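Chain lettering (A, B, C and D) follows the sequence in which the chains are written, and residue indices restart at 1 in each chain.
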């Protein structure tokens, strides 16, 4: 919208609740657990009120990592590794691109990226069926 | 009765009853004192009045050298909790809104966190005063039920207000209701205890100063 | 053969409505409309702060979730002669318009459509043919064969699942359903599309009013301060002492979102709602013969460009049309004691002046007096009192209010876009102009006015933005906020055009408190019972002479009643100006 | 097919287990459960069958239903087509009159003891319930019949939960809440006028997922959503602590998003999820749009002393009582003063002159 852009605006947010620091502490604890015991865990970001400033602080502190992934199932799910390896930012969206849920996952690999065993089995069967069809086709041809 | 119902009672009928008893009691006390009457002093005044009355009001508010040395703690805690009470009562926004709705008068508020700090100081001062009263043999001997009651009804609104603001122990709604009720209790007992001094103190000081001046005694 | 048909509950409406109809040889000879729920909101309002009244009044109805709030704040402002800033006026217009568009679309798809659309028949549709049909009537993007095949599969799964849920016991397969399977499938798809669309466009109310349903209002303006500050430097040190953008919902982002929503609304109306109405109507042209009603139409007017005190600036004009005569428009006076009156001859209320007299809302009184049968009951005594609704009349005449009345009034007053749209509709459907006075005409009028209103929204939006750019951020007038500044006594009327029709709230203020409050609402005009002269209300008149194929499946009754979009929680109300409640209940 | 589980339905729709996992993660978040519960949620949801739900509307305004249709995740469509079988609901169902009542009776019979009963609106008890009837049956009778076979009851909205608007003084129709009538069934109160859509859906999802009631507070409200006050979660809270208050609805403070306490905000005593979940898909919520919280999820909020009066001010005017007290106090004070003077005078009159001679006796 061109008209509104002409309006000078101060983008300043009201004070944060200081919850970003609490989340960062928890990430540290969970990461230590992952390293020492191999336990994976996650933090639900909707559980705490986070202001825009809190988000900025979280994002700045964790930084950007090497991996970006997107899952398409019931709307997109966007995942990126943060600058701290093992700490993943997972955001689930619905079809209308609204945030359904947002997690910081502390794991070797986010659970949703791993192919579930049953799906893999179904996939194997589907592939075999497809191969069978191909064989039939080539026989006919 | 739910916390909300208690709060509504405290903000409604409870407040009405408390304010009525307070005003009834205070008017009664003041009229009673006034209507006692005094004999007219026909002698010519030795010093100008009423100026010396006002001077006494001020000068008696400062501790004498002797008092200061004898019980400095009492003086300090006394000042702290009186000034603290004054600030908390008159400069917290919710209180100003209450006074405004009752009297139509309004003035700027102090930041809530500052008032919060003052509250803590006031509470500490009040506790020190109590401990001192209990420990000091002379004071303990002199103290009666009325003294402890006056202390308790002053302390409670501060404590419940502090707890409500910080959500300590109980739900906010319930704490707010208790805070208002404790303030109402203060209003109710106010005219019938030594707390009346809030209103009579300065009158009495002025009067003493004025009489003394008339008789030629320095105030 | 005489038969009494009872339809209770009438579903897919707001509130509790009961219709009792007499039929003879498959034709309805007499109908009685009864509102069966009352809450007494106007009694509850007495003695309260007039500035609070909107919140109570708004809860009269959660479907027309905004209209009673608006009428209420306008009533108080009228009584106190309380002007509001231009921005507040524009924001209110945008909110009212959004309510229209949202409400009319939801009514069409979620409340009315199942009277015309056979969900089960959609299973037989050919998705490819459906796609062709959809593309032939509109350029709406979701119209591929795959889309409709998916939709059909979804529906099939659902039906085959055996749990029909809300579709249980529908009149599926009834001969009155005339749409081909493809049109049915398209309509079912749009039923679901509209459900997700309405969620999006309701956000306009959330931005200005904090939530929807039941957004917030304010006497003296609107409560949403605008936080787009061209020159505001902020005060104090550090960000904690400043707000700036993001401080309130009406900021740069919020206003951009409003603009997007207006676009979404216009697209859906142009590409889905209008084409669907015309397509479905083309299969039901026989419904231009039924459901006319009383032939008298009334509007109060709304969408001021220049404040409520200047009715000439209203987009929707006010007036009365009698006996279908569009050439003469009678002027209307909301304050005249002999114009708008309410009767209770067939309602469960008493008047101190006797049950036969009518009373103007300022003098209105209501004493609940239930004389109906003790529940549970089979039938109401329709010769006596049979409803919690009163019977409002204009100069003694029953009036229809709502979309049809408004479209006729706009047409009669020479509104060009209306005349074009009405002409286009009549040509497309190939029906005579008399066809407007019918069940179908009423439904079509609702669609047409939605188009007119959604087209007007950008104008108000641009004006609002222009004001903000010019530095005018005022949204509230503080001068008369404190009750101490009010006269000891005041009375006023707040009115508007609600989606369902002309709505008026009358208020009497005494010593800063509500002394009397009365709402006369659209569905009371339309759904009210007979008056002392025995004149039917619009619902009752509209049902008379209409066929009823199968009394067990009264779909024809539903079509006509739904074409009015009933809102019964609104329609039932009580007042009691003198403080005497005469609650005498005779239980028989 | 009627016995299909949710997992089977989703699979048939071509939705992978990954999608299901995501659905469960979102549900866990919605229910305010710790993320580690996702496995338990997945387990129960996977076995879930669409339970029958009967929705009764009594003295209401349909605002609660309207609010439910604004639910974003999950949406009303997925709720009524995938998660539950909504067998009776006036505003949405296709059938009317006799056919509608038959659907209700059939559902009650088929799922006796198992269906979930949802109620919106209060129930009028005065005058034999004549103030609200459906199909000629009083609300009281219909509620009692439907409650008898319900597994649990959800009272949606402040009217059903606490009596709401019809219950406001002077309560002309004798309206009461569901819990005033039904004592022998588990009841979840989901108040709000209307309730936040995400809260309604969340409560339903919890019940459907675990088949049990969530943790409730002393007013029967789920703690997950009503556990904290609006004020504590409010983004304007820092301004309260700093003593920065909007004085009118469009002063600089209001535009900067300062605290609305002075303008009557009831946030400190109101327990609801508005400040965190917000409204209409996270678009805004009342305080963000500039109007104070009116306290709509609390009992008797309609009679709580005016929406624009600060929480610390009196509910009713005390001027009358104060004036009377002053007058009576003055009169009594004067009376006592006069009595005292008389006593003094009398004492003086009874005073006997004592001479030295007397003392020397």
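Assume a residue touches a chain if its C-beta (ideal position, glycine included) is under 8 Å from a C-beta of that chain, and two chains touch if they have at least 3 such contacts.
Here the structure is a predicted model, which is why all the values come from computation and not from measurement.
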Chains in simultaneous contact with chain A and chain C: D
More contacts between chains, B-D or A-D: B-D
Centre-most chain, if every chain is reduced to its averaged C-alpha atoms: D
Reference chain D; chain at largest CA-centroid distance: B
Computed distance of Cα centres, chain C from chain B, in Å: 59
Mean-CA-position distance for chain D and chain A (Å): 35
Rounded Å distance between chain B and chain D, as computed from the means of their C-alpha atoms: 40
Chain B residues counted as touching two or more neighbouring chains: none
Residues of chain C engaged with two or more neighbouring chains: 196, 200, 229, 232, 234, 240, 242-244, 246-247
Residues of chain D touching at least two other chains: 72, 238, 242, 257, 281
Chain D to chain A touching residues, read off their complex: 15-19, 21-23, 25-26, 28-30, 32, 34-36, 72-73, 233, 235-239, 257, 275-276, 281-282
Chain D-facing residues of chain C, complex: 6-16, 18, 36-41, 43-44, 48-49, 51-52, 55-56, 59-63, 65, 106, 110-111, 114, 119, 154, 157-158, 160-171, 192, 195-196, 198-200, 202-203, 205-216, 218, 220-221, 223-227, 229, 232, 234-235, 240-244, 246-250, 254, 257, 348, 368, 370, 372-378, 388, 473-476, 478, 481, 552-554, 558, 569, 574, 581, 583, 585, 587
Contacting residues of chain B [partner chain D, same complex]: 2, 4-5, 7-8, 11-13, 15-17, 19-32, 34-37, 93-95, 97-98, 100-102, 109-115, 167, 172-173, 176
Chain D residues within the chain C interface of the complex: 1-2, 4, 9, 12-13, 50, 52, 57-67, 69-72, 75-77, 80-81, 84-87, 89-103, 106-107, 124, 126-138, 141, 165-166, 168-173, 175, 193-194, 238, 242, 244, 246, 248-252, 254-258, 274, 279-281, 283-291, 294, 302, 306-308
Complex contacts: residues of chain A adjacent to chain D: 14-15, 17, 41-44, 46-47, 49, 51, 71, 73-74, 77, 92, 94, 96, 98-103, 111-112, 115-116, 118-119
